[in-house]
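The data blocks that follow each hold one structure.
Look for chain A in each of the two complexes below; its partner is chain B in the first and chain C in the second.
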Partner chain A sequence: MGLLKWDGRMLALPNMSKLLATLGLTAGLVAGLTQGANAAELRISIEDFESGGALADVVVEVLLPTELQAVHTLIADYSVDQQQKEFVPNVSVISRGSRVNFPNSDDILHHVYSFSSANVFELPLYGNGQNIDYYEPFEQPGVVELGCNIHDWMLGYIYVAETSLATKTDATGEAVITGIPAGEFQVRIWHPRAVSASEALPHAQIQTLTFTDGEPARLRLALVLERDNRLRRAPDAGRTRYR
Partner chain B sequence: MQHPAPDLNAPNALKPPALALLTLSSLLLTVPAQANTFADLSVEAGSEHNVSRGFKSGDIYDDEYLHLEGGLGKFLQIRPGHSVVLSISGAAQRYFELSGLDSDSIAAQAAYTHKFGLGAYAPALTLALGLSEERREGRARDRQLHDLTLGVSKRLSPAWSFYAAILHEWSEGTHDNAPASPIVYPWSARNISDDIYDFDQSGFFLSADYTFSNASMLTASYSFTDGYTVSSGLVPNARLANLSSAIAQDPAFGYVHGQYHAAYQLEADSHIYALDWSVVLGTDAALNFGYEYRDIHAVASTRYDGSKLGVTLSWAY
Partner chain C sequence: MKPEPALVTSLFTFRSFRTRLLVFLLALLLPVLLGIYAFVNRENNTYTTDTINSYLELGADVFDFTREEHKNTLLTITSTMTRDWGFRNAFGTGDPFTIIDAADNILMRSLGAADMMLIASMDGEVIIDTKTQGYERLEGEWLALMEAAAKSDEGIGDAVITVDGVPYQITVIPLFLPTPVAWIFGGFPLDNRFADTVKQSIVSDVSIVEYHLGEVGLENGVADVRVIASTLTEQDQFLLTAQLQQTGMTYVDEGLNVEEQNSSAATRRIQLTEGEYGTLMRPLYGQSGDELQIVAVIQKSYNENMENVQAFQRVLLQFYLVVLAVSLLAVILLARSVTRPLVDLARRVRRIESGDFGQAVQVSGRDEIGELASSVNNMARGLAEKEKVRDLLGKVVSQEIAEELLSKTIELGGEEKVVTVLFADIKGFTSLCENTAPEAVLTLLNSYLSEITSVIERNQGVVDKYTGDSVMALFGAPLTRGNDAQNAVRTALAMQQAMVALNQRNRAAGMAEMEAGIGVHTGLVVAGNLGSQNRLNYTVIGDSVNLSARLEGLTRKYHVDNIVSETTRHSATNFVYRELDLVRVAGKREPVRIYEAIGEEGTVAEARLQELATFARALQAYRARLWDEAQALFDELSHALPEEKRAVSLYSIYLERIEELRARRLPPDWDAVFTFDKK
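And then the complex of A and B:
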């Protein structure tokens, strides 16, 4: 078995490395590969290229060929709450066919919508305790961007994966995917602010890794982030008004 | 029996915005909309050049001020895309030297907004009606303001946002016919009005916001008003006296160098340019650094300018 090493620190090289990163070629990865069948594991560690700090809410998905997807599907119900005028969690990862409900834990009205091609929907004005039994189905893989038509700064994301082999990094920038079949597969890395040249899915990068059931594969990555697309929430001096 | 038509120019008569404000507020009490309460508070410290709006160098005063303002309101989302904000506010401004310009005010406003579509980039049209009562030391400057504003806002990107509005304002002095002055003014023979704050004026407002990646925001704005200005100066000032549409003894500046000040009402075009840099302090507070330049062109090529530099801490809940 070969061992591909690409030290993530190489990305710290000024200018040239930043250019490569902008082109979506920033992967610093170490894939540990051993023999085995059907029980591989991927350990992920992702950081912010600029600050070097851990990067949370990065989605990593192992892209299986169509014939393998059926046995790695986990359809479930999820919840994206609205708390203190924010979507909680900000990034959710679900498998296609799953459903999501959008309770409102605030004591004010919200108006949830999505323009994303993966699922266009709208839940007009509702308050605390309403819509708790409504579950929106998500049948098409992709990224669904959520908004609130009253509070424009509210932004949330639902990443609809093709299979259950997807997760997101925690506050330490770490995540683990288990139960990966042995073989060579593409791995998609997505973050709402990641700079990428991908036309198929904005803010996404693709890496190819080989998985076996022995030693876990490891993915270390430093992502270049674009400016925060979240609208400013703080009041404007002289123009205070309902927010 | 016929009743005479109401005189909208009579002191304390309700102007159309005030009537509309009352009507709208009454109607909203019957609408089953869920109301969200909000509050905001701001405190500003600043320095103002030519606070007296003087034309002659001897009439120009600079001073520092503190401004405190607070408001409470209800946000009512009536239907998707249709919302109304009802709010009341109070403000107090104190000058360090020119205490005669210290002011207190209360205001009420109703604003209806229609958003054309979903999302942060959908344009919005807002019609706002305002009513305020301003009181200053020396009652000659007390007045009621009614204003009507029609504005449109549009966000182009997370960074860029624009706002444009037209407005009309009705100003009504609430203490006209002030007590007789102890001196005889040179304009007395003209039998000119002393209602210096009685006028209507119209204008427009434009602003552009640019938000940086650290969420600090730069706002550039311009406003134009075709209306009036009230300038203060020592008497006698024959030129201003001849150009003025109303003159009153100005108690704000008192007795200076053996002379009294007068407040002159002049027809004027006002151009106000402003730059504000706003720094985020969490999700509910911001610190704003603002600069404003006033360029006032009054009748007969009479012109003055003024400026203001201030720091504002604002908080919203």
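And then the complex of A and C:
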């Protein structure tokens, strides 16, 4: 049922595979041409298939085999702020074992929760200045969807990567991952609204790339996006005062 | 059968004016009243049908609206549920038993607004189902509903789906956690409770009816019909089922889609226990041609609405009765106002017919009847006057002349006819008058004239005029009777007898005795109205009249009571006559043979007849100039008379003549005619 879209357009699976295969071939070719010596580099450029514009907040993770994962671990503390009843940043990329802090910059209370299997947790109603010192640990890799029990439209994502070899595209749709060991690895591309056939992780697709030292690998991709099906923000949600 | 003409005539022949008026009034009024009644009835029926139709269409709209409201309530409930932290937590556990308890909890809190709940994952895997229908994955209508919701902007959908054979209004909404993670289906049954709710708003009966169109059904247009829910009684549900089964689904046959069905929904009439119900259908489930279809049936009784109409009809009928009663009364009064004076007039006319001209009818008003009444009064007055005139005329002139005058247009002129004229006179009246008081004379004269007149009239004579003591009577005018001369002679004889009786009475009363002279002659006269335009007289004129008067006069000369001319004697043969003489009266050249009527044949005494025979011989001798013989015979006759009459009698006259003729020298052509020079 992964092909089901909000807008009802059912993309034919063969066409999709063909598209993805074409893209993958290009990426592979590019990667092969950019093999380096010590650490390989992946240069990413993602655009919206429909509009052709740069696509931000696309997470790209190089999936290393288990024996290589321990070397590429970066445990750190992060912060997802709540500003103007939105999660900022909207998409965060962390590696497993890291902790995230959820401060409240609004002058009303928020109730942060997640029912995602990667980490079910909640921070019951708290206001500005509270829970500043609380850090939620994220041990399971996967996508954690953040919600607010008060504001249904508030939606944030924490992408918990297996290693530190993960990043997200910026406003220009570009990103770079460095320090990739040479070799042929799978690369996962994830976006909250990306159409995908993946059973393992929704909205993600896998590419296999070959990384060599010296020459950076390139990943150019146009993603087909679902319609944004998040709840609409209430008309008066932007107000700061309760009157 | 053709009615007899007599019957038809009798049908339209009325004994009274009132009946006629009543029949005509009813003939006019009843069709009008019936026409109005029929018109009002038709308008009322149209109005009722329109009212019922608008009720039903409104009812169907309210039904849809109520369903919509319920649907929104359901959405609100399920939507709120997805925001419920407890439910979110329960769902977050992923434990179906916890989730189903949470769902039941919500249903309980909905106070019956929601009856069932089904939760499926975003790709259609059933997580919980409070109705435990046994689905593992969504299928059929459920799947279709989910897909329809997924396509919609809001991610919301609704449909009617049967659950355990009962149509449910189902809504679906995604569960956000915070991204959509599941579909939450909520539903309430379109059952009796729902039908009751709708009925409270629309005051019409609501039924939810299921059609099973099998293969056979589609071919024959006959459906297997089942009432799922209804506000009707069981009896009525049974009737509804039976009739829907017979008639089939109207809109299915038309092959329209749902929208078209709604717009073209035709009201039809279905007979239930308490009368006819206007019936309107709204499709709830299934498309045209589907095997299973469910419709909402909205029904409204015509009877309820007809109650007002019937009340109006009752009022109308009462009004009709009043109108009829007032009209009948008015007609009776009108008829009476016409017939009463008419009856009075009829009675009056009958009285006039019988000769009673008095008592004028009193009718007020200037209308036709008033005119008629015054005409009748005038007519009566006219008749009374005419009768008076006739009476008076009968007194002034004879009855028969009066009739003659009244019966014909009176004009001057007359006709020639043979008439017997009789003159009667009192001999020596002048000397009688000299010795008697005038009053006594008048009394005497009146008694004489009355006597004479009654004798004349008794013998069919007509008194022409009275001139002093003389009477002129006509026989044969104005009416010819055939035996007029005979009547005249008989009158003359009767007069003489009457005079005897009269004289006896007069003698007893000490009054003077009278002697009448009578002359009778028959001849051609002119009879007619004589006089001026303004005053005229029915009479006869001519020589015969004069001769008759002369003959009357001669009675004095011959000392006889009557003298009858030869013409009369020939016309009246059955009498005994005595020839008196042959005379030439003054102014007449032709001699006339004159007679004395003695009596009717067979009534004259033998001695008298002997005397007459002797007289005849004497007259013969006289005419033959045998003076001695004639004288001897006349002497003999004269001596037979009483002493006092010998000097003045018929015989003495002839004796005197013989004396005189002996002395004369007679010419050879002596004709024995005696000439009277004086009138």
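Operating definition for what follows: the second predicted complex is superposed on the first by the 197 of 243 C-alpha atoms of A that agree within 3 Å, B and C clash if a C-alpha of one lies under 4 Å from a C-alpha of the other, contacts with A are read in each partner's own complex, and residues count from 1 in each chain.
One rule holds in what follows: contacts are C-beta pairs under 8 Å (C-beta built on N, C-alpha and C of every residue); 3 or more make two chains touch, one makes a residue touch a chain.
Computed from a predicted structure; not experimentally measured.
By the touch criterion defined above, A:Glu215 reaches neither chain B nor chain C.
Between chain B and chain C, B contacts the larger number of chain A residues.
Contact with both chain B and chain C is seen for A:Asp152 once the two complexes are overlaid on the shared chain. Looking at the shared chain after the overlay, A:Phe115 reaches both chain B and chain C. When the shared chain is aligned, chain B comes close enough to touch A:Asp228, but chain C does not. Of the two partner chains, chain B is the only one that A:Leu125 touches; chain C does not reach it. Within the superposed three-chain model, A:Asp81 lies out of touch with both chain B and chain C [touch as defined at top]. Chain A uses residues 111, 113, 115, 147, 149, 152, 229-231 to touch chain B in one structure and chain C in the other.
Residues of chain C touching chain A in their complex: 83, 85, 88, 91-92, 122-124, 147, 150-151, 155, 176-181.
The touching residues of chain A, counted against chain C in their complex, run 1-2, 4, 6-8, 111, 113, 115, 120, 145-149, 152, 154-155, 192, 229-231.
Here chain B touches chain A in the complex through residues 34, 36, 38, 40, 42, 44, 71, 73, 75, 77, 79-81, 83, 85, 87, 111, 115, 118-120, 122, 155, 158-159, 209, 211, 213, 215, 217, 219, 276, 278, 280-288, 290, 312, 314-316, going by the rule given at the top.
Taken together, the chain A residues at the contact with chain B in this complex read 108-109, 111, 113, 115, 122, 124-125, 127, 147, 149-150, 152-153, 227-238, 240-243.
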